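Chain IDs A, B, C and D follow the sequence of writing; residue 1 opens each chain.
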Amino acid sequence: MTGMQAMDAMTQQTPTIQHHRAGTAEPAAGSAAARSAATRSAATGPADQVLLAVDRISLRFGGVNALTDVSFDIRRGEIRAIIGPNGAGKTSMLNCINGFYHPTDGTITFKGERRAHMRPYVAARGGIARTFQNVALFRGMTTLDNIMTGRALRMRCGLWRQLVRVGPALREEIEHRQVVEEIIDFLQIQHIRKVPVGRLPYGLQKRVELGRALAMEPDLLLLDEPMAGMNVEEKEDMCRFVVEANRHFRTTVALIEHDIGVVMDLSDRVVVLEYGRKIADGTPAEVKGDPAVIKAYLGVAH
Amino acid sequence: MLQDCRSFPAILLLNADRFAERPANRFKTRGIWHTWTWREVADEVRALAFGLRELGFRSGDRIAIVGRNRPRLYWAITAAQSLGGVAVPVYHDSVADEMAYVLGHAEVGFVMAEDQEQVDKILSLADRLPSLRHTLYDEPRGLRDYDHERLHHLDTVLTNGRAALERDPAGDGTWRAGIAAIRSEDLAVLLYTSGTTGRPKGVMLTYQNLISSAVNANRFDRLDETDEVVAYLPMAWIGDHIFSLAQSYCAGYCVCCPEAPDTIAQDRHEIAPTYFFAPPRIFEEMLTMMMVRIEDAMPIKRRMFHYFVAVARRCGAAADAGAAVPLTDRLLYGLGSILVYRPIKNRLGLSRIKVAYTAGEAIGPEMFGFFRSFGVNLKQLYGQTEACVYITMHPDDAVDVETVGIPAPGVDIRITEQGEIQFRSPGVFAGYYKEPERTDEIRTLDGWVKTGDAGYLDDRGHLRIIDRAKDVGRLTGGGLFAPKYIENKLKFFPEIKEAVAFGHDRDHGVAMINIDLAAVGNWAERNGVIYASYQELAAHPQVYDIVARHVAAVNRSLAADPRMAASQIRRFLILHKELDADDGELTRTQKVRRSFIAERYAPLVDALYTGPGVYEIATEVVFEDGRKGLVSGRVQVREAEIVAPPAGPASVARAA
Amino acid sequence: MAFVLEVLLGGLLSGVLYALVALGFVLIYKASGVLNFAQGSMVLLAGLAFVKAQAALAAIAPFWLAALGAFVFAAAIMVAVAWATQRFVLTPLLNQSQLSLFMATIGLAFVIDSLGQLVFGSEVYALDIGLPRDPVFLLDGVFDGGLLINGLDLWGAAIAAVLVVALVLFFHRTGTGLALRAAADDHAAAQSVGIPIAWIWFVVWTIAGLVALVAALLWGSKLGIQFSIAFLALKALPVLILGGFTSIPGAIVGGLLIGAGEKLAEVFLGPMLGGGIEYWFAYVVALSFLLVRPQGLFGERIIERV
Amino acid sequence: MLYHEAGQYKTTYAQDMALLPIAQERWSLAGLLVVAFVGVPSMAFLGIPPFDSDYVFSAILLPFLILSLAALGLNVLVGYCGQISLGSGAFMAVGAYAAYNTAVRLPELPILVALLSGGVAAAAVGVAFGLPSLRIKGLYLAVATLAAQFFFDWLFLRVKWFTNYAPSGSVTAPPIDVLGFRLDASVERYLLVLTIVVLFAFGVKNLVRGAIGRQWMAIRDMDLAAEIIGIRPVYAKLTAFAVSSFIIGIAGALWAFAHLGSWEPLTFSIDRSFHLLFMVIIGGLGSILGAFLGTAFILLVPIVLSRLPAALGTPLSTSTISHLETAVFGVLIIVFLIAEPLGLARLWSLAKEKLRLWPFPH
């Protein structure tokens, strides 16, 4: 695998994304395969090592079954897509993974540990980061401060040191600022560094939110429709950032996305949900050919 | 001593000595400004030179510099020169084909690229560049997994260079001896000028060319090591090479590189440079920004602003004309300084400006006067790559927007019978690389260079430019038609971004207009005009009305000049798309390519001479990623108001 | 034993008053999501208006007519307050956070308290609407001497019961009532089916104002009308926490529990703690309750949406 | 307009994250501090009006500083962490009585330690009453803090131990000795209080612009998202309660010791809580400056109201004026919540931004 090939895979994404937006359902298997190979060679651990396994998860609210008996796994270093029509339970799935909801049945194994009930911040400590479908930034704070909050877990100085600030607290603050600046540079948001996020357009807010998640240096990054509501150019940028985050920061990614072109292009494997049940699981090409998927999803939504 | 130095590496060593701890470069990255002193720069350049040598860089090798302004890219130029190499800065935004031509023509063996984007571009051209041996890059992001056999991170090169230096105790001496051996007539850089037509030409500039121009210019404007500039114009452009490298080395001033394209204005504000160069476009953007924002201000503030702008104009005009300013105006000007001028200069990062230059295009007198009246020492200069920029420039005590000033120190000027401006100076280039015939076309045997511009020297010895000599045409009626002159007048209106005028061999003038989306969009917003696209806004009848008023105003001013009265614009249209360098309609320096446009939009030109009405047009456009598409639209041709020339004897053109 | 029952009954009956005020809170909270800190001040204002009007009318009209006139006058004042609140406080703060609205009602409470006292004076006024004040002995046969109950309290309980029934009928049987319930569930939906939110607020605040007036009459008959009523009415807050912010039955049950609880606590725990624990007992009970069951006895379970 | 920032660039993160990154602001603040620490006492010493009268210190400057401190503390909780509190009067009371009891029962301890004990006790109580904030939010919390208010009102009124069995319930603080000096004159107490207030203002500023401050604001702006990135709500909220109540406790102790000298049990009633809340809202939620502006404003209103009618030739009775004052407060709160929910500090920063952008609006 050479850099040249990896680059080809990257540059090929752009046209295919637009292809799909334009409505032609041409599979982009070649580039996805090339990219997934790149990912594997880049990953630290063995390619097939399972980072997170979801085993027979069910989730009920009152009488409603949000998820029924769903199982799948996420391997270290891959980009895993979760797709499905509206109301398929995709977001509920993410909510279970990062501790917002506690599944009624089933288990979640993360880094080899079976988890009982846990709060979201415990999941965060374990290395799970998350972005939201509707941007969930801290509106009263600047871009810089928002991303700095992503470092909260890693900042150790106590109240007293922070009160005095000079000395260890300032040193620590600067250390983390450096990490955050790398992310700002990576996401090309230097010009909005000190702008309160409430004033930013939607596309940039999504970028800042991704930045905040990356600042946690997570092992697993959950992205809930990272490209929803973006124009083509913003989508391209976001795709690039996700791929780069996956490769450069060695982050395993699980994402929900409606744009099939993006999904087919970015992801190594796809799991398809419908009405809270898993109906398919496999590489983009496999899933694409699956009759159940075509019936449930491709035939309907797009 | 500076006069003993024959090359930039030699000057760098001198500066490391004489300005050792003074800042040489600043670069904003990761949110803060990093500073390098001259001593540190010399050290980095030496390490880089050794690193390059380790990679096999030898005397006579070419290194292409591809990227935005960054200290390390500038250092690469000097490092290569210190080994007897030649730097070839390339426009970072050129598309792959353009770049392939330049890199191939210059036979570069090395490329110093900014980041992944540029590396990708270079790698995609690798097959077409047999001479290319190694590619270096500054910004490692995204490049980690690339094949690093012939691709090197600059950090690695520097480390290797330092290691090599350590291994070889005599290395430093050899290096310095090599620098001392560089002759002033050696080639320093190859700068490719895109020109308005044809393939780019490689302008060969020697150390002597660059250093003498830089020294003269520094003396002319009394620049020294305390000055600061912001480097933000393309590195491949002679202007940036002179301002951000040659003059900086000679004077010892500090060059600051902005963080990102989006932060240039903010970074300029933070640095507040003392020496500033910008094409009229930048000043135009500043002015438009100000006008748009002041329109949103409270009425009282708006009136205050306009009132003091008028005061400044009054005082400024009087002062520039050398007349006495009345006491009341002087007091008002003082008040205006507090309320308007200083705050605005502060906002624009111009508050410490000692000298600011504009060049490349004619600047609107309104705009020019505006900045000057605020106390910005804005001047014009006239220059070319072939002259190492300086041909003429405004002296501090005789600034006049109608002229481009007096010949720069060491420059001789003559006007030919045909009205073409020619010059001779120590800065005159060594020729076009591998194209002696094109060199001969432009340079006479006795060393005069043809500028291709038409103009004349006025009674004070100041040069006035009319247009490109070959573009100055004739109407069928015999009247002079200087399209650029007319276009510039049109473009001085903030709503008009570009204009293309036609009239040569025709019986009257016509114009195609590009509206300025920012200015017109703002107008639309304030007036409740709804539009979905540029195209829709451009076709809006009210927008046509605005432009029609401006065309009429231009016609009035043309009518006032007997030489130009005949060339008034009789019909105009507003183009349905923005002229774009990617479509070949503008040069990379954003000048309109009139003949290309005439060909591409031939149906519209015909329509302009047919009569008013609505015409269909479809054009091919190139998107940013290189794909092509069709943009079609309906374009309306309108009649413009014509002004009768002032009564008087038959007007005879004098200049031609 | 009789003593305990007596205390309990007394507590329950004063709980009726808490319940009445809490009812006002619940009505407003249900329909507009606003916790109306000014509910107590509305009780005070209604009481002051009634007393002053009654005194003025007593000179020219028979007792019952003066009382009726005063009632109409006070009701009109409450309608005006509802309108002004809707117009000048709620509408401008549309879409603001619950906390902002809550703090605004604190401001409103200040305004109502002070304006009420500026206009109607700030002394203690006796209030008489002709309710019998004779002691009543209940269950003579069971206990020795029976249970001593104030007749006023019984009347109060009866009136409160009638009011609750009337309200329930209003909400479940009339068009306006149904619309209000719809609006409480979903503001946006209510607006989209053409129920103007401003009108809903006005109606709800008017009803809450009338409930406050009834509470003022009962409370005033017992204690007189004075500034402390506004603060006493804050006791309705723990009642709400106990009963749930959105539940009418909760307000009633909670009111009775708090009323009985604090009387019992005062009598049996008070002497040990230095007395006067009525002052805070309700709050501490509510606070402890919060930790166990945050949504209250009858409140809806809060589901966090992501 | 007054901000000529061009040419001020940062070469280190420490500079970039400095308290006041703009030079002009650094100079203004330094000037203000010099006036407060040196100018005002010198004027008092030299007898220059209005600082020649004790009234200015005891009735204006001391209350202003101490209440600003309390508002600062409350702002940490309400403005930065988004947790409402109606019990700040109670926390002041805890601070005052804890300091009093420490001073009276352990007279050998320095008085500053007694003041500190007020803060510590208030912090402990604050954490205790903050515990429900882990389960409940918003309006419920308001009720919980109200409970604190009523409970402590009762406690200090009825449990005589706290008032050292003083027959009337009214207690007198011992005189303030600092490092062997007895601070009798109000200008001396002013300097003590000023020093404490300035220290706390800087300390709080350090906290809110550091990691813990970002945690508080994250909880305030979106608690679910805060939890997602690993912020423990327990820690963030309880530290906010602790820091806030500590400061309010100190303010309570100062109010008792440095301002009142002797006080009645109901000095720290719910009215005080409301006043502090108003100061914070009007001054500006989430702003250090706001605490000072809000306090100044709330203190000025009664002064203006008590003088204005007389000045206009229509003297009013005291009770009328006090009702008017209450009404004005109520109206102001509503007006601010509607027009400028972020208060005077927001107006100030808007003005500042206007000046920086001058003459352009954006």
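Just so it is clear, a contact is a pair of C-beta atoms (placed from the backbone, for glycine too) under 8 Å apart; a residue touches a chain by one contact, two chains touch by 3 or more.
Nothing here was measured: the structure is a model prediction, and the numbers come from that model.
Visitor: According to the touch definition, list the chains common to the neighbour sets of subunit A and subunit B.
Guide: Common contact partners of subunit A and subunit B, which must touch each of the two, are D.
Visitor: Based on Cα centres, what is the most central chain?
Guide: It is chain A that sits nearest the middle.
Visitor: Looking at B-D and A-D, which one has the bigger number of contacting C-beta pairs?
Guide: A-D
Visitor: Mind checking the centre-to-centre distance between subunit B and subunit D? Centres are C-alpha means, answer in whole Å.
Guide: Computed value for the inter-centroid distance: 57 Å.
Visitor: Which integer distance in Å separates the CA centroid of subunit A from that of subunit D?
Guide: Distance between chain centres: 43 Å.
Visitor: Just how far, in Å, is the C-alpha centre of subunit D from the one of subunit C?
Guide: Subunit C and subunit D have C-alpha centres separated by 34 Å.
Visitor: Averaging over Cα atoms per chain, report the distance between subunit B and subunit C in Å.
Guide: Taking the average C-alpha coordinate of subunit B and of subunit C, the gap between them is 76 Å.
Visitor: Mark out which residues of subunit B touch at least two other chains, giving numbers and ranges.
Guide: As it turns out, subunit B has residues touching two or more other chains at 31.
Visitor: Quick check on subunit A: which residues sit in contact with 2+ other chains?
Guide: Expected reply: 100, 132, 177-178.
Visitor: Indicate the residues of subunit D shared as contacts by at least two other chains.
Guide: 13, 224 - these are the residues of subunit D that touch more than one other chain.
Visitor: Once bound in the complex, which stretches of subunit D touch subunit A?
Guide: 13-14, 17, 203, 206-207, 210-212, 214-215, 217-218, 220-222, 224-233, 239, 243, 286
Visitor: Where on subunit A does subunit D make contact in their complex?
Guide: Answer in residue numbers: 98, 100, 119-121, 124-125, 129-130, 132, 136-141, 145, 148-153, 155, 157, 159, 162-165, 169-170, 172-174, 177-178, 212-213, 216.
Visitor: What part of subunit D is in contact with subunit B in the complex they form?
Guide: Answer in residue numbers: 1, 3-13, 15-16, 357-362.
Visitor: Given the complex with subunit D, which residues does subunit C contribute to the contact?
Guide: So the residues of subunit C touching subunit D come out as 35, 88-89, 92-93, 96, 98-100, 102-104, 106-115, 117-118, 122, 231, 234, 237-238, 240-241, 245, 273-277, 279-280, 283-284, 286-287, 290-291, 294, 304, 306.
Visitor: How about subunit A: which of its residues touch subunit B in the complex?
Guide: That would be residues 1-4, 6-7, 10-11, 14-15, 38, 41-42, 144, 177-178, 181-182, 184-186, 188, 190-191, 193, 244, 247-248 of subunit A.
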